[in-house]
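Okay, here's the structure, questions in a sec.
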């Protein structure tokens, strides 16, 4: 589905990765590992087209991503460091806007989605009155609303408590087992029951250092 | 052609070529300026109306030309950066901006000084003068934007976008004297035709100073770009080699043996 | 797939439409005329009202310049665009280049008598630079030609 | 994928996405009334500074009124720009916007239109009141409103470019001003020109047409510049 | 404690701490030239907007010149305030300032003095140039500079209060304006009064004395208000 | 040295702690524990006088802190969540300003302090060019410059790598063993060789909940 060939990226004159190639197929998960500052976030943003300071080739369904940008966007769900949740709006309003910006309408399902992430009853509370963990849950509820086939997630488990982590892990493995593709970074030890590959950026840097 | 452009896009090549061109450029520029200034100030005849005041033309017009040239160059570089991602383009754009701003300032100051005896005022809010002032603000804005953004790549691209947006002001400056009835004069007809109202004795020195200014511009451009290249490529092998050999040369020349 | 093509097409069409509209409007504006600067002809056509401050441009008509008062502190002259004239009166310092036959720009307003009371006089320099001798020979050559009134 | 979702996935047309954007922004303005009130209050306060500083002579004030109203409206619009992308940038919504499958061009237009509704429309509605407080002659009122109606969208669009360029910087207020005020000049010149011409009783349709031309150009071209700038800022 | 440090722990006097503060702020301004250039450029650009909008008639411009210069200087100072506490608040230095054993009162005075040096002094120096571009009569120049010299510190101090109150909010630009512009009015009235009086040839020493009185009051009282406001914002 | 009697604090209508009393003597360390949002940071800020929404008594050398504020300030070193490092200035400039604001001058020692925190050679690099961990080290270098007798530290180990953590732990235990007092919060398992008390805010909340 997504193929990456010979990716190279440097930032502030430091090579983050070079000659990085991998691909991800439906029903597969891929975990990017690496220490702080090793370039995990940068890599995910490059894949999503949010960063263009790189060289190399990224193919989506065998075509260069740049050429099929809008198909690509409608098939990718990105969850970044920031929650993409407006503090002033309520979870329902935030999610309604998310659906609309995806070109989908799913008004009925928003409450269900919030329920399933343990936010029943919080539908109409402004987000700034919620704790960091609850805000994260609102952000994660978008998983239930998207119909994207590739999920790209940067540290999805931050700010969640133990129960939240295992619930989200369950959601992720369901998604992958239903034929979705998942790329994620996390410092947590992952416990998801699906086919998962690992790329370690630290070891790659050591390769290319001398 | 493409080959050549590609090479120009390589900082290392630019640096070395710059070194080779510089001495020639210095020589030619010095010659042009000396001839132009001596001829213009000393030998060309006083104007029938303005007397000797008109000699500011030898400063004012080249400065105005430089202002436009600088901005065109920045716009070209910006396009090159945004479309082809040529790194060198940004180096040049960054190097040109302050030169362009200085040229604009010089044009404004020389024009103002000239305006006092000629028009009877040093400043008037006509279209040519106002749009020139705005051009200065645009130059400063671009410089300010660059200094405000910490990440170099983002700064480069942001400045490129702003430069392209600011390009709309150039035709306004250029045609302001035609579109609006300005106090500033229109374009002078500087052709070699006999019937021209402007005889060659007056404007040929202007050509000398004009080309001299262009020479100065390129000298500034090359020096500033080389500086920037060294800064940006300081981690690369060729710069390290270069600095080592330079040091070695300096050491042997001064006869001191340090192991830096 | 088609939807994405259509989106791109929509953007392109929108831009073309916008630009075309802009060009049309500019052409309309040019036809309407936009004034920042009035000629004596426009003034005599009554395009500006009394007491309103505006700017006049023209030539100082040959032979019309009258200096009054001490050291010519007050001047009266006719500003012309070779079709119509307007009488300008001004008190104050004049720029060096102010003389008959020279372009002039005056700020001020019309009084009851239709005289333009200038508050500031600026000399407009033309785009010709030449030495006195060249000027003399050119003038000789040109003295035969007639100035045409173009409006 | 997500099979339980497919039933709800009815595709939305371009217009309804733009509508959703406008609705969201209106909701935000409703929750943060400061977004509406602050530009308006700034406009009012800044206009009142002028009689206090240049004197209260009626003729005099009426002569400067069009200029003062236009300059302060322009400054108010410029200062209001800060709320255009800032919050979205900080909470990550801007990334989502850039990754939306909908065409960014039209999403940005919708966003800017909403900003204009929230920040500029109240100013335009109040402008005649302030103009008459400055004793502007009544012939100028309608042209004033018309020129503001055509001009403020241009200011908002150009401001959007500046804001998109500086949204990544923590202190962008004055920098934004330095970047975009020079670009505002043509709008200001034509805008006040319209009002002055109307007051002087000369024809102003030409100037209004020029303003409309600027409007058409800005609407069609600046979303391109804004999206380029946003992509750079987000990098 | 830290025995290896005691040797270097020579106590510093109040003056040298204030000196260190000023030096630090100057260094920051040197590293962020925008802090100096942006207010200045805003001032210049905003002043040039007026001839373009109210008309370029010399008499007219010279009549509004004092007011325009003063209003734009005031706006420039107000907009520059954003850099006074923002960075320190965000990186935690403000907490350290509030926990410093040195008296906050004088530290704040030093900080505000530096801000004035960086943001206002260039404006004051350039004011006569711009005034003469607006054809202000030369008798007004010296009084203009004097009034700005006395007035801008007051603006900075009052702006400091507003900034201290709003530093905890992410978007404070327009809110700050709405809060403090009303407080700026007396300074504006006296400031332009001085210049107008000088141009009209009447005595202006009384107005200048009033301005000086405002200055003395502001210098002595506003650090108290600022430190109270900062303590609230940091809570 | 520092005594706290009957401290009570509520925030957003939730009681964070109540009836909290403790004291700390020279040569002692005190760790505040508690889950996210339990009020650790709030407590430290109250102790330092940065937060005044509380009731109860805080005594410094047997006198109410409010009365001896400037003596107290010159004897307390606070290290908060934020590094208090200006991004534009270099470490040396930042530390010089810190010394000055403490009323001390110690120009010669700044380089040594930076050296000891593993920042040799970074003295004059602007801080925005440093990684989060390096910025944290600059902030911690202030420990070497202060002569305060009470250190109050909020999560001093964030962003540090393993070696950094143990170095800082060493510094802290040296300080306490030399007669200093230390109050700190951390989610790390602490390994410092000195006399250490623990207060758990979670258990207190459960006490006061019903």
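Chains here go by letter, A, B, C, D, E and F, matching the order in which they are written, and residues are numbered from 1 within each.
In this section, contacts are C-beta pairs under 8 Å (C-beta built on N, C-alpha and C of every residue); 3 or more make two chains touch, one makes a residue touch a chain.
As the structure is a prediction and not an experimental result, all values here were calculated from the model.
Farthest chain from chain F (centres taken as the mean of C-alpha atoms): C. Of the two chain pairs considered here, B-E and A-C, the higher C-beta contact count falls to B-E. Measuring from the averaged C-alpha position of chain D to that of chain F gives a distance of 47 Å.
If you average the CA atoms of chain B and of chain C, the two centres end up 33 Å from each other. Averaged C-alpha coordinates give centres for chain B and chain D that are 35 Å from one another. With centres set at the average Cα position, the gap from chain C to chain E is 44 Å.
Residue positions of chain B touching 2 or more other chains, listed in rising order: 124, 130, 137, 140-141, 144, 148, 153. Residue positions of chain E touching 2 or more other chains, listed in rising order: 32, 34, 37-38, 41, 45, 52, 55-56, 60, 87, 90.
For chain C, residues touching at least two other chains, in rising order: 7, 120.
The residues of chain E lying in touch with chain B in their complex are 32-34, 37-38, 41, 44-45, 48, 51-52, 56, 132-133.
Contact residues of chain A toward chain C in the complex are 70-71. Of all residues in chain C, only 1, 4, 7 touch chain A in the complex they form. By the touch criterion stated above, chain C contacts chain D in their complex at residues 3, 7-8, 10-11, 14-15, 17-19, 21-26, 28-35, 47-49, 52.
The touching residues of chain D, counted against chain E in their complex, run 34, 37-39, 41-42, 45-46, 49-50, 52-55, 60, 63-64, 66-68, 70-71, 74-75, 79-80, 82-83, 86-87, 90, 170-171, 173-175, 177-178, 181-182, 184-185, 188-189, 191-192, 196.
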